[in-house]
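Multiple structures are listed underneath, in structure tokens.
Shared between the two complexes below is chain A, which has chain B as its partner in the first and chain C in the second.
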Partner chain A sequence: MDSPVAISTSADGDTEYVVIAGEVDMVSASVVEQALLAAVGRATVNLVVDLKSVSFLDSSGLRALIVGREHAAGVGVTFRIDSPQPVVARVLQVTGVAESFGVQPH
Partner chain B sequence: MIDSTAGSASAPTELIGPDTVRITFPNDPKWVRTVRLAASGMAATGPFDVETIDDLRIAVDELCSALIEAGTGGDIRLDLTCAQGVFFASGTTMTDELELSSERFALSRQILSVVADEFGLDLDLDEHNVRCWFRRTGDAGGQ
Partner chain C sequence: MNDANVGVERTREISAVLTASIGAIVVLGAMFDWEALLSWVPDLPSTKPITGVVLLLLGLATLLPSSHWLGRSATVTALVLSTVVLGFRLAGRPIHLGGLDTATGTPNGVPFTPTAIGLLVASGAGVLRALGGRARSQALALTSFALGGFALLSMLYGDRSGTVLRSQFPGTAMSVPAAVGLISVSIATLCGTPGHGVVGWFTTDRLGVRTVRRVLPMALAVPLVVAGLASWLDLTRRLGEPRAFAAIAAVMTIAICLVAVRAALVIDQMALVADRARQAEEKLAVAHRYGELARLAEMLAGAATTEDVLSFLAEHVTGPVGGTLGVVGLIDAEQAVLHRHFPPNLSPLEVALGPVPLDQKLPLVVSATTGRSIIVRNRQELVDEFPDAVLAFDAGGFSATAHLPFRDQHGNLFGSLGLAWHDEVVFDDSMFGLLSTVADLAAQTLERAWLSDEQNRAGARAAALALLAESLARSTAVDDVVLAVETHVPAVLASSRARLELLDESPEPEADAESGESETVDPDEIEFGIGEEPSPARRAQIVVRSGEGSPLALVCAEWTDNLPPEARLRSALSTVGDVVGQTLERVRLADAEHRLVVGLQRRALRPLPTMQGLEIAAHYEPASLYLGMGGDWYEGIVQGPHSLGLVVGDVVGHGTDAAIEMLQLSSVLSSLLALGIPLEHLFDSAQEAVGEASIYATAWVGTIDVKEQTMYYVSAGHPPAILLRPGRQPILLDGGRQPMLGVRSADRRSGAVQMPAGSTVVVYTDGLVERRGEAIDLGFDRLIEQCASSEWTSPQALVDGLLHEATEDRSVDDDIAVVAVRVAGRGASESS
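The block that comes next holds the complex of A and B.
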């Protein structure tokens, strides 16, 4: 089965962008994690992960984001999540990690 | 012997009845999306608003993920009930686990503790199976 996510990357100045679309679950979390680790490797100052088009995130996907953030912190890159949909923000908030990803409470 | 690691010691099985839909699927994460869709479709027939249906999608996903992770690869049997303003899900599968450590399923437990009213992850060492269940009461339409 194809991965239920699509991932694109771009860079603008000192910021690396990762745009994820689809559902980040047990099936796709490893794909997302690999993309984030690759982006951390390219990033110099900031890494922004755009979740505007992610319609579902579970604990597997959350683990991938946490791994990405930890790797970014290890090399001095700031890691921020941008524009999560409510269902995604809910998972970030109930697990207590929203603030650490720069996601403001609704 | 039942080793209950979260929630109540035993699932409220009285919630399984004529409105219960049983889904059996292979221990493969690719089927969980289909189960999420089925659960949200069932929940849409009950007194659940959009936010609660999202919570139920999340809860069903975490339930299935825990069983896939703890299972030995055999089929997963899931009972979904949406009746009398309550959504109840209970799934089982075979396992050779001897314990379900708190740390291993910490994120799933944390999520289920918020998106469900009550949940459990139980290991039956005699029957070599693991059971995960949750219950969520509707909060729209006169509950």
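The block that comes next holds the complex of A and C.
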């Protein structure tokens, strides 16, 4: 049950970046969720989650993103998903959450 | 005893018998006046009977061992007699025990003084021999030998009465029996005197001595033969006395020169031959030893395991050193014994071959424990220092042994090599060098083999442990754990069997205390014991505990042969106990959760209601991997006589939490649906109903009005339903889309679609279409294609077909729920 996921963070001015790579599924979702919550804690104005290297995202991963966004909203930080692959973007659209993450429909 | 010693023994016996015989003949001749004897034995009448008595006594005495009381008393008697006779003689009163010559009126025989002196000296030699005075006894014996010999020679060189020499050396006259008897008793005494001395000189194997031994008989024989010839030819009468003497002297001189030259040549040649032979022998021996050493080294290099090395060593280590038996001892520090490895087919030494305690005083043990090289050159040395080892030494018939310690590369002692010889061994520098080379070779090979064995064993143990861990990690039920322990633990513990005994979930403390009393339980809770008949194997067991410390099970292992070293066994057992404990706990919790989730799921998945005009089929397929289970549900609600509400949902997450959230959400949605809340507000209301506890879920809710043949629906982030209508391509229903539950949104859309008779709507969860590494649209396309192409006659058949397609060639890691509802009417036959 290997679900390798790699997470790296960086900051640029008032924007906190979280770069996620790999597959976000049942096994790795909790890791992603914790990383997102930690980033929310550090962020001051903007939080950008880079999903361009995520090849798979299931409902658990989705939940991690939603939880992260709600926490961000709670502390007044904007939460945006950046450049998801089409596979992932489609999942966001099917579940009706794409717009709320700032992902434009194709 | 070697041949030379045997020869000396025989010489002593023969000389002693000869002496005694001469004495007896003299005595008997004097007593019985035997005519035959008188004519046969020269000089018998002139030999005094007292001489015969003394000779008889001395002969008997030398025939017996020097320590024999009878021999000792005979010798003393002879000494006294000859002293008395000599005393009388010197006092001018000869004892005429032999009577007087009737013709001359003079006493019989030659003057007695030389005989008496010779006998006295011989007796003295005998006494000293009996008393153990080696050198003095031999000196006296040589003196008496010389006296007798001179007397005999003087007779041979002169006429029968020895006038020639006697005129030069007065007082040497002796009768033939007396002279011969004196010579032979002297020889007997010499040969009967223990030790090296003169006899030793004659019996050694040195080259010069060997040569002298060969030439001496010639040197003695030549004068005798010359004298005998001269006497026989009556040279003195024919040539006149001085000329005869000169002729004899000339012949003798020539003869002796010839003998001397011959002797010199013999000595030279023998020296040369012997030297060559010795060199060749030495070279051969050295070559042989080194050949054997090379062979041993080669064989040892080919021996891979310690067992191989030990068997080779015990069998072949004797080759290079010419020994009879080789033994390899290895220290077993844990049990404080030395294990000994003997060659196979060892003839029974009548000595136990098993391990010996390290404090036993055997040379092999002492060498292994102290690092001393111990050489035992003979039995006496062994008796003095290692009395315990004498039994084996004697049983093996050994003449010498050597014991050399083994050291590893760090200089630590770990064993010893024992070698024993039947034949005599010369422990010279070359032998010492060879011994230490062999011991070093053996030690190095043993260490290398041991290290490699240990490496292999450690590798095998680690691999076995990895297999166990992997097998435990895959375990999802208690039975899997039991099987994993039975399969993989024996390799980890090097045991013949292992099993897992599950304890009751709530063991009674009293029972624990009782078992604690009967057995010794250490802090690690490892017990050692011996099994009961009929399987008296060695056993060990460890209590497996949960993280909270409650005992879960016992891992029991059995060994039919020896246990591994205890320290290693303890650590291995403790590791096994840990991993098995963690796994058991996980599996048991998972088991309990699984049962709970299955129970909750069953409550959520009630059979769908029936309704006039609708054909309804549904199926729920749990994930084939337990991990993904829980969260999908479907439900049907009768909203009126012609209206059926249908809910299909999927709660994010898994396990107990997801199952509970699912139950909560499904009942909320059902209630709201039954209350007639407009579909577009349904999800809003549901979110409000579940309150702060956000439930993340996708859901599809539809209401089918049979009379109107219309379906209204909303989807909260749920995969779109598929509508199949007679004579038309299946379509995805993508209206009524709202975000998934848990996400606030202002969307209030709902969808509506006509469902003429024969239409079928298929609602499902993402498990049916979602595949890793594939865009979800591909899944939708595949599903549409399957719906369009597959042969089905009822919604149930459609559901079954779709599920079959989805699960046929892969293990599904998510639940799947599928519901199909067909509006009855214009036949199903048209729908395909």
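As a convention for this text, the second predicted complex is superposed on the first by the 103 of 106 C-alpha atoms of A that agree within 3 Å, B and C clash if a C-alpha of one lies under 4 Å from a C-alpha of the other, contacts with A are read in each partner's own complex, and residues count from 1 in each chain.
Keep in mind that, in the parts below, a residue touches a chain if its C-beta (ideal position, glycine included) is under 8 Å from a C-beta of that chain, and two chains touch if they have at least 3 such contacts.
Since we're looking at a predicted model, the values are computed, not measured.
In the superposition on chain A, A:Asp82 contacts neither chain B nor chain C. Using the contact criterion defined above for the overlaid structures, shared-chain residue A:Val91 touches chain B and also reaches chain C.
After overlaying the two complexes on the shared chain, residue contacts for A:Ser100 are found with chain C alone; chain B is out of touch.
Using the contact criterion defined above for the overlaid structures, shared-chain residue A:Ser59 touches chain B and also reaches chain C. Legend: residue contacts after superposition of the two complexes on their common chain; A:Glu23 is shown touching both chain B and chain C.
1, 23, 25-26, 56, 58-60, 62-63, 86-87, 90-91, 94-96 are the residues of chain A that lie in the contact sets of both chain B and chain C, per the superposition on chain A. Listing the residues of chain A that touch chain B in their complex gives 1, 4, 23, 25-27, 56, 58-60, 62-63, 86-87, 90-91, 94-96. The touching residues of chain A, when paired with chain C in their complex, are 1, 23, 25-26, 55-56, 58-60, 62-63, 66, 70, 86-87, 90-91, 94-97, 99-100. Considering their complex, residues 29-30, 32-33, 36, 51, 54-55, 57-58, 61-62, 65, 68, 107-108, 110-111, 114-115 of chain B touch chain A.
Those residues of chain C that touch chain A in the complex are listed here as 625, 627-628, 650, 652-654, 694, 696, 698, 715-720, 737-740, 742-743, 745, 747, 766, 770, 772-777, 813-814.
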